[in-house]
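There are structures below to look over.
Shared between the two complexes below is chain A, which has chain B as its partner in the first and chain C in the second.
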Partner chain A sequence: MRLLTHNMLSSNIKGVTNGFPLGIEVEKVIEKQVDFNPDFLRNMFAKVEWKALVDAARTMGYAELPEEADLSMLESDDFLKRFHHALLELHLEEGALVCPETGRKFPVNKGIPNMLLLEDEV
Partner chain B sequence: MSSRPESLAPPEIFYDDAEARKYTSSSRIIQIQAKLSERALELLALPDDGIPRLLLDIGCGSGLSGETLTENGHLWVGVDISQSMLDIALDRQVEGDLLLGDMGQGLAIRPGVVDGAISISAVQWLCNADKSSHEPRLRLKAFFGSLHRCLSRGARAVFQVYPENLAQRELILRSAMHAGFAGGVVVDYPHSTKNRKEYLVLTCGPPSLSTATPKGKGEDGESGSDEEFSDEENQTIRTSDRHRPRKKQKTTKKGKGREWLLKKKEQMRRKGNTVPPDTKYTGRKRKSKF
Partner chain C sequence: MHRSLHAFRSAYKMPYRTAQIRLVSSHPEVYEPCDDSFALVDALLADRTNLLEHQPSICMEIGCGSGYIITSLVLILGQEVPGVYYIATDINPHAVKVTQETLNAHGVLAELVCMDIASGLEKRLAGKVDVMVVNPPYVPTPEDEVSRGGIATAWAGGENGRSVIDRILPVAERLLSDRGWLYMVTLTANDPKEICLLMRKKGYASRIIVQRSTEEESLQIIKFWCDSDIQDLNEATSSPRKAAASFVGSLVSQFPRIPFGKSQ
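Showing the complex of A and B:
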């Protein structure tokens, strides 16, 4: 699972009002190279919750993102490369995602988060 | 005709390791899934600017449909309820991220972030009640509600579906409209039993030019013969959005009557709703309380 996906996921357990961002418990991180596409990144920037991405990347061992980011930074190739790496190339391979309100864990195996809810969580 | 897989077992049981392997080792299935996915992507009508979008593939299974999205340069996240199907997707090293999830529980995605969604041959599964706790109407509601929220304004969702009958198609469509979608059904090759394919084309946001439901392929007899056009088959079926004024219901002084009620109850049952049994009390006039 990429951090792009992590940045979109939100716990939808019954009764939870703010399920974002999910915490990350890391057992294993892998890196996979992806083609660099500045247009995609510029498009995506507005939708990304920056702080959640910075925190998630740090948890995964990548601390090269600036704490704050704004549109003007999208002109910088150096910034885009870091953004690209954090968003698309870091994968949580084994571990868990954690609901910020309830602490419920969603296990991640072979890179796939198990988001299935129990009957009383629906 | 073989019986429908939807009526044999719940999806996470039906799509076990053996079925998942069968699914992707048949070149016929691979070809069909690719074709359906191409068409769904076309109906998504994404801007033609070469910029990759973030798409959802609902019921992504072994990733056949997702591969079409990758080939067209997009990024995607797939959701499926069957671990066996997702394992095959891993074996095939698909580019998209995968989630093990049940669309009937709603998508765990935050609002407004997705540029479009496709789903190939999966949504009709929601019309089944596989567990006693399953209520198709509620599962469809949870699904369409969460989908509507997570799509960005103006984005589309295109589902190729195999509804079992008219009532099922209506149930699916109505759930989508209730969630706030506009759109309708596009039927490709309506005159061909073999090639006939249905796509639900849904749009988020206020109706506009871009929300007009596109035409189906082969609507004017492309599939060969010049048989008679029956109205139902020949046309792209359109439904307007939820803001259309409802027809006023006709009621007489005496109320709607037992017969009407029995008919309605039967209709609801067919849609999979729980309806109290018919008894001698059904539709009987109540004593006035005051």
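Showing the complex of A and C:
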């Protein structure tokens, strides 16, 4: 699971009102290189919740993102490269996602989060 | 590990335009690519020029099964639409694993999540998906088969085969961006006309891209897209009396006209 996906996931348990962002429990992180695409990053910047990304990246061991970011930074290659790495190249391979309200854990195995709910959670 | 994958991709420059059956992974409880899967990929191929022009940035599949469709979509858009975010879901944990293997075997990447339809993505992905593909469980069955689990989940569609489809449509509508497109497989028994009418009320135009009859079933692949003319019309006719009139009007115009209404 890449951090872009983490940025799009919320806890969907019945009764939870603010299920975003999910906490991350790290067992294993892997890195996969992907092509650098500034246009894509500029496009995604508007869609991403920045603080959630910064915190998630830090949990995954990457602390190179600025706490705050604005559109002007998209001009900087250095910024885009960090954003690229955090958003697309870090993968949570093993671990869990944690509902911020209930603490319920959603396991991540082989890079795939399991967000299935039990009957009493739907 | 990432280096060898990278080397693999650049060495072969992705020679296939769709997923190769021999590279599609399998599991006894995961739906194998079938006529319906092939028809959906054929529809994507038939619409390839439009897809390339569309330049989607987020593409999503609901119910990815073996991964045949999402892998094909990645390959079809390929290098010509670089930097797309692909994400696929399935309710069956075996299916997302098999999809991962299929993607790996083709040297392509997509994100996978095991969930019911898009339940954990609905909030944050709302209004962001530019292309959605769905080959839902569409076979008419007794209602209790839908939630029985196992391989039946792949095809059991409840009454008229509409149980899961009718849960997917509002989610699709929520997730699609203003310029979003939905490609969906339906069976004649699902009453595709009625589905188009339902979507039309939400502002979507539709067109049948592929129509196919096998010995067992008659399939359509329908493409839906947001049409501002329809939305305006819906708003203009939202008074009850006019709505009734336009309902009849759209029933009459539904099939012969909408399919060729716009060059989508």
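Here, the second predicted complex is superposed on the first by the 122 of 122 C-alpha atoms of A that agree within 3 Å, B and C clash if a C-alpha of one lies under 4 Å from a C-alpha of the other, contacts with A are read in each partner's own complex, and residues count from 1 in each chain.
Here, a contact is a pair of C-beta atoms (placed from the backbone, for glycine too) under 8 Å apart; a residue touches a chain by one contact, two chains touch by 3 or more.
Predicted, not measured: the structure shown is a model, and the values here were computed from it.
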item	value
Which superposed partner A:D78 touches (first chain B, second chain C, both, neither)	neither
Touching partner for A:E68 - first (chain B), second (chain C), both, neither	neither
Contacts of A:L4 with chain B and chain C, given as first, second, both or neither	both
First (chain B), second (chain C), both or neither touched by A:E119	first
Which superposed partner A:G111 touches (first chain B, second chain C, both, neither)	both
Footprint overlap on chain A, where chain B in one structure and chain C in the other make contact	1-2, 4-5, 7-12, 19-20, 37, 39-40, 43-44, 47, 110-117, 122
In the complex with chain A, residue positions of chain C that touch it	1-3, 5-6, 57, 82-85, 87, 91, 93, 96-97, 100, 109, 111-116, 119-125, 128
Chain B-facing residues of chain A, complex	1-2, 4-5, 7-12, 19-20, 37, 39-40, 43-44, 47, 88, 110-117, 119, 122
Complex contacts: residues of chain B adjacent to chain A	50-54, 75, 77, 79, 81, 86-87, 90, 97-102, 105-110, 112-114, 131, 133, 142, 146, 150, 152
Contact set on chain A toward chain C in their complex	1-2, 4-5, 7-12, 19-20, 30-35, 37, 39-41, 43-44, 47, 49, 110-117, 122
